[in-house]
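The data blocks that follow each hold one structure.
Shared between the two complexes below is chain A, which has chain B as its partner in the first and chain C in the second.
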Partner chain A sequence: MDVMHNFELYQPGSVADAQAVLKDNPDAWIIAGGKDSLDWFKDRVKQPPALVDISGIAELHGITAQEDGGLWIGATTTLTEVAEDAAVREKFPMLAKAAGLVASPQIRNLATLGGNVAQDTRCVYYRDGFPCYRAGGNTCYANTPTAMNREHTMYEASRCVAVTPSDTAPALVALEAVMVIQRGSRQVEVPASEFFIGPEIDITRMTVLERGDILLGVKVPGKWAGSRQYFEKAADRNVWDFALVNVAMAARTEGGKITAASMVCGGVQCTPRRMSDVESLIVGEAPGAELEGLVKRVAARGARPLNFNHFKVPLMQNLAARAVRSLAV
Partner chain B sequence: MAYKLIGKNFTPPDIEAKVTGAARFAEDFRADGMAHVKIWGSKMPNGRVTRIDTSAAERVPGFLAALVPDDVKQPDGAGQAILSSQPRYFGEPVVAVAAETEQAAADAIAALVVEMELLPFVVDPLESLKPDGPNAFSGGNVVGSGIDLQTVKWSGRDFALAGEGELPRGNAPLEWSFGDVEAGFAAAKVIVEESFVHASNSHHAMEPRSAAAYWEGGKCHVWGSTQSTAFAQPGLANLIGIPLSDLVFVAEYCGGGFGGKAGAYPLMALPALMSKKLGGRPCLLRVSRKEEYDNGYARGGFQGWAKLGFREDGRLIAADVFVVQDLGTTQGFPDFNNVANATSIVFQPESMRFRAVPVMTNTVPKGAQRGPGENQTANMIEPLFDKAAAELGIDRVAIRVINAPGGGGKDAKFGKAQGPVSSAYLRDAIEKGAEQFRWSERVAASRSRDGSRVRGYGVASAFHTAGSNGFDGLVRITPDGILHVHTGVGNLGTYSYASTSRIAAEVLGYDWSRVVLEYGGTARHLPWNLGQFGSNTNFTMTRTNWVAAMDAKAKLQEIAAAVLGGTPEDYELRDERVVATADASKGISFAEAAQKAIEMGGKYSGQQLPEDINPMTIASATAMAGSGLIGVAKDTLPKVGTVPALSASFVEVDVDVETGKVDIRECLTVADCGTVIHPMGLAAQVRSAAVMGFGLAHTERHIYDPAYGRPNARALYLSKPYSILDVPADGLHWAAVDQPDFENPMGMKGIGEPIQGSASAALICAISDALGGHLFNRVPVVTDMIINAAEGMPQSHKPLATNTV
Partner chain C sequence: MDGIGPFDPTVGYPSGPAIKEIGPEGRHIPLWKPLHMSRRAFLRGVVCSGTVIAGSAYLFSTASPARADARAVERMISLTVNGRTHTVDVPPNETLAFTIRYRLGLTGTKVGCNHAECGACTVMADGVTVYSCSTLTHRVRSKEIVTVEGIAAPDGTLHPVQQAFIEELAPQCGFCTPGQVVSAVALLNKNPRPTVDEARHALSGNLCRCGAYDHYLRGVMKAAERV
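On to the complex of A and B.
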């Protein structure tokens, strides 16, 4: 109905203040750019009694260099800032590219990196208010013989067929980033590869973030800084679209051969999917037509397409092959 | 002929307000004490309301009133209700509430208890045509313009005969033919026979159909969003239940309509009815994006079949076309008729049979959308011409040239009756476009590869009727010498309300800076004009403004003769003066003539009016009587033929066969729109039509889960129209044949609709070309379909299934 419910709005100026508010309001919802949150509220599908707007907390914003050659990116740093930052573009160009391909310019100006990795799934059934498993119900309305599953999963469906919608998530997993979370008095560091969780772990959330947690930011280690990197997003439109499938890769080459590789695929399961079969295949190999053919053989192994989404199998294979192809140049 | 204004660029008067944000749309209406209205839409695709309990809603602080279906007039037959007790599509309004604030209204809606009984529903027309298929409406499943509401079921034999993937062709309530179709097929060198699906798609108007209203002094004041200021009024008055004379209507701006706001629609009347219940208190209904998708209409989709027979030289000598149209829950719009009309005019078949079955489904009501039927025809039929060209071994431009009407259109035939057209230069447009696009040279690169990117080229044509007659023109010269052109056509955003008004200024020789356009509401004293839809405005409104200006011109000459002596024929108009032809120093200014008109009264200043003009025009002219020189007339100019807007488009794409990505590199559209009035306006129309057409061809989604009958694309990011960032910034080009139409005094005719269809179909043909001539026979051609085709994999869509893309 496009009219939000009534809620208390808190706008703390520090992480400590935010924690205090969260402690007093255990059902509060953290908001920054609001690009995921506001639709939920305007549709009244989710109606938290309180919002904690962390966009004004200075310590959560900005990009700074780390001693190991990596970068710290505050959670409320906007996607435009990530995409345009010189250091990100130099060290982690695939992250810059991923951030720059999210949604549209207007959305990227408001949306934050923290929000992009913490956002909820875009399953239309779930977001339309169907009382599904993820919404606390006892069925999946999208896992039926006639369901419209074009955008849904091919892997690890467990009472839910939704996929991760994030473009930056696969890039951060591939870069072996670490999510830094304020949990009570502790700062908890969670590898990006473990930050995203599937329905088999908890069907009601997409990440390890628990009630009261605040995602402070992301450490992108120096390990892959300056490496050969690749990000590609396959979508219906150039802008304002979620990925049908995306792929992120960091790699190093020496003497014409691939010496190290980290490759992750989004849009095919609830979490970013590490393409470990491809990684193990390509390390030690020389990029080329033969290798691309082999990559296609293994890239989508185990995929179990649903209605309308078997195109994701060749798409996943082709994107992996294109990533490897980029190393030949 | 050299014109002073025609063919020149200018800045329409509403541009600045739109650019600066000063423009006020219906949703911007505010008034002291204004109440807010919200609607409760059905959660079922087809149901019967068994209980409405407003008690909890009434306890919401700020609640004012509720309207239920029994409070409003119900439509006849399969019409669309304002509020329905038997809603037939998801989101159909059942209850409306008003409250002191929008928040309270929304809270009250959330507190409503509405119980419903689910009825059988259907979201696929072919399912409804099955022997035991459900009807979307209790009274039947088939209805349409000229087709009475009835139940049509095809036999199991009909379906079995068709086989998998072929359209069953059972009994059709509409069937006609001309020529000897069977003889044509017998003589054909190549026959192309295909079944296809064209999806429905939403209108995506940026401005949802919000409305506001209040009552004062016995009159109902309504702010609405409409394409058609004058034409919408009778329907709106009828929905509200008042005489037209009691309606005060404001519709100065329209944030997009695309046919969906062609006339009045039920939601526009809702604030007025709520306001009446509240004793006239101002009420605003703000419609959300999702509610707009639920109630904002959509283009009618098709499941169809065509068999085309070609002579060796590519001439189409026989066409047999059968379409099943998805009407949604109402009678919809007769897109099906336009499939026949478009096929007949664009391709000029020597013989043709046409059959159609318009079927209701429990999906969003279907209305006219830019090129309703004609543009689907382009998308469905043009690729078949490519297939025929390949089989005949002739060029794809050549096969279109040999069939297209051109050279003025004296030999062109239109529709079932094979009647005449007012002009036709489609062949000329194709030839001009081919030359400008360098088709022959560039098409040599067709299917060339750069890595995984494959080059493709497409050419296509489209049509829409482009003009009507019989409406009124009204102009006024006030004693300050200013020309006021009163135009009731509406301000859809094409700016043709302004450009067509320049005809009056041209006839009278006015400097444009001394012309005021009166538009946007009843207070502007509007003449009875057709709406701004159907690509008709250029033709229709230039005629009305021409006849009104000619009436003013005659009166100016008569006044000069009365003042200065001689006969009217002794005088001519020059530099906003009426001067003696023999001695230009002898004359009076238009300002003086206007003052004299007031003194003379009678027909000169609106006290006496022509007998043949519409009551709306009479009321407007009468309201202004005595305020200046009134020029007013009904368009009784000769009109014999159908007025065809025609266009041809050429598209170059790269298709990435690994990702399905389509990169549109260039598009050229050549318009057959008669004399060009406003080049910049035409350019904007051609370019934006291409953007819209590309979405129609490639990305737009209109999805219903058949298990729930609920729409799955109720957001812009889900329904995916093209944006400006999806097209090449400098790659959308335009040209015009610029040959005058024979039945318009200044040669103008419309163009707004076919330029979308030709661009859309050319893109589909270009994608198919890149993929080796692969025929998708399904529109839109979305990413997954391209990947599946490129990979040699089966498509996901069940044959002929609709509302799945």
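On to the complex of A and C.
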């Protein structure tokens, strides 16, 4: 069996205790559900000397209503809890759907929302321990003439061609959620659209989280609560698999016309990609076959596919068109 | 120039190794007797006697250093499995599958992939199914664990799910069956009248290499009529 390396395990009961441990152990790794972390350790690609299990911190868990009609979702709330919560389903059905489409039931029962948005990329070369740019090396193994890169990026590649693997991330960006991070003694609020960073900014991480930072939770504002929402994930398998492309959309309609729209696509860039071309195209228009045709023409504009991921272009176009089609009913 | 080159029939090569002893009936006589012990019995013996543990220090991490930091977790924990509370010595890096199989001897839980990708190791923690191969024991030490051994009644009466799986010929090789049973029981505990889609969804985290999915599904629907 793949046995993990030896490490010290800490199970603090409060954020302050966790911070104290993180301060004394700069190389410590924060774990909550552990669904992604344990694979890293079993494969011996990452071997942190200390683990801080934040799943026992009560204040990081749970879903509560906010004054503005939105929701506060603690970072260690499990994906099953997000998917089955009555308030999430009523206000933000696409977030519930996205959380319910992650991996498999047993994984969702332990995996957390915070872990799902903060997880590392699924690039197989990086995961297998290749010394690539993201791992601190000086080459990309996924962007060579023979590399298998059908899961990789189409936009904003900068040395690294990895993509965001998360299903909940596009939903949260589309809902204009705010990530709340404990950094030192202060709480930092970062919009979800800025929480995820591309290789241009820092090639070794996917989010703005730095060492010692703890993601406390996500504030989903009331802005899109109760709006028309759509989430669809296209993957090779219905269970376990990460999205090849997924699309999340929140929109409002009035008198048969779209009055506001927020559409985000995952799996095509290192960060969730806002489809601003589609948004500006559909606002003010009535959904229908004609609009869908136009949406398809602009949805994947600017895409620069690699050797094996050209299929993502029509996938992205069709998912965007299907999202718009959902507004017609 | 000897020994190298094509075979030359005129050369008297030295003979090969001696021919083995042949018994009176023309059979080869083995020098050992087969050990009549199943793999399961052997594993149980290992767990109970601890004889082989010393030889597998790598697996059991007995060589891990003492806690340098008093804030880190204690190794001795009490773990409630199938209604019984055990005191076990669990290193921080041990998974629940490892603890219940090799420390508690509950070998009904199988380890298929060890990467949360197959479902053979599924157990319940506080009624919720988890992959025990990818869960640290310390993470769930305060929860009630139920393995496949805790599903049947104490007198041996099978759970309706187990009985229905037998009737529907659900297990083929049987390796995924403990996980399928636990997933199905967890579903029926929560939702005694599932639709076929709900049942399919609940079992979607359990792979079956024999492809007996329809059999398992029929088993769950049959059991749902009986619970």
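Simple rule for what comes next: the second predicted complex is superposed on the first by the 328 of 329 C-alpha atoms of A that agree within 3 Å, B and C clash if a C-alpha of one lies under 4 Å from a C-alpha of the other, contacts with A are read in each partner's own complex, and residues count from 1 in each chain.
The criterion applied here is as follows: a residue touches a chain if its C-beta (ideal position, glycine included) is under 8 Å from a C-beta of that chain, and two chains touch if they have at least 3 such contacts.
Because the structure is predicted, anything quoted here is derived from the model rather than measured.
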item	value
Touched partner set for A:Y141, first chain B, second chain C, both or neither	first
First (chain B), second (chain C), both or neither touched by A:V239	both
Touched partner set for A:L95, first chain B, second chain C, both or neither	neither
Partner chain in contact with A:S104 - chain B first, chain C second, else both or neither	both
Touched partner set for A:L175, first chain B, second chain C, both or neither	neither
Partner chain(s) touched by A:E8 [first = chain B, second = chain C, both, neither]	second
Touching partner for A:N309 - first (chain B), second (chain C), both, neither	first
Chain B versus chain C as contact partner of A:L291, first or second or both or neither	neither
Touching partner for A:I214 - first (chain B), second (chain C), both, neither	neither
Overlap of chain C and chain B interfaces on chain A (superposed complexes)	1-3, 5-6, 39, 42, 103-105, 238-240
Chain B-touching residues of chain A, taken from the complex the two chains share	1-3, 5-6, 39, 42-44, 103-105, 124-125, 128, 141, 144, 146-148, 150, 232, 234-242, 244, 307-311, 314-315, 318-319, 321-322
Chain C to chain A touching residues, read off their complex	58-59, 61, 64-65, 67-69, 71-73, 91-93, 95, 98, 111, 114-117, 119, 122, 128-131, 134-136, 138-139, 183, 201-202, 204-205
Chain A - residues contacting chain C, complex	1-12, 17, 21, 24, 31, 34-35, 38-39, 41-42, 50-51, 53, 55, 80, 103-107, 109-110, 238-240
Partner chain A, residues of chain B touching it in the complex	38, 102-103, 105-107, 109-110, 286, 288-291, 452, 658-661, 698-699, 703, 705-708, 710, 712-718, 720, 722-723, 725-726, 782-785, 787-788, 791, 793, 796-797, 804
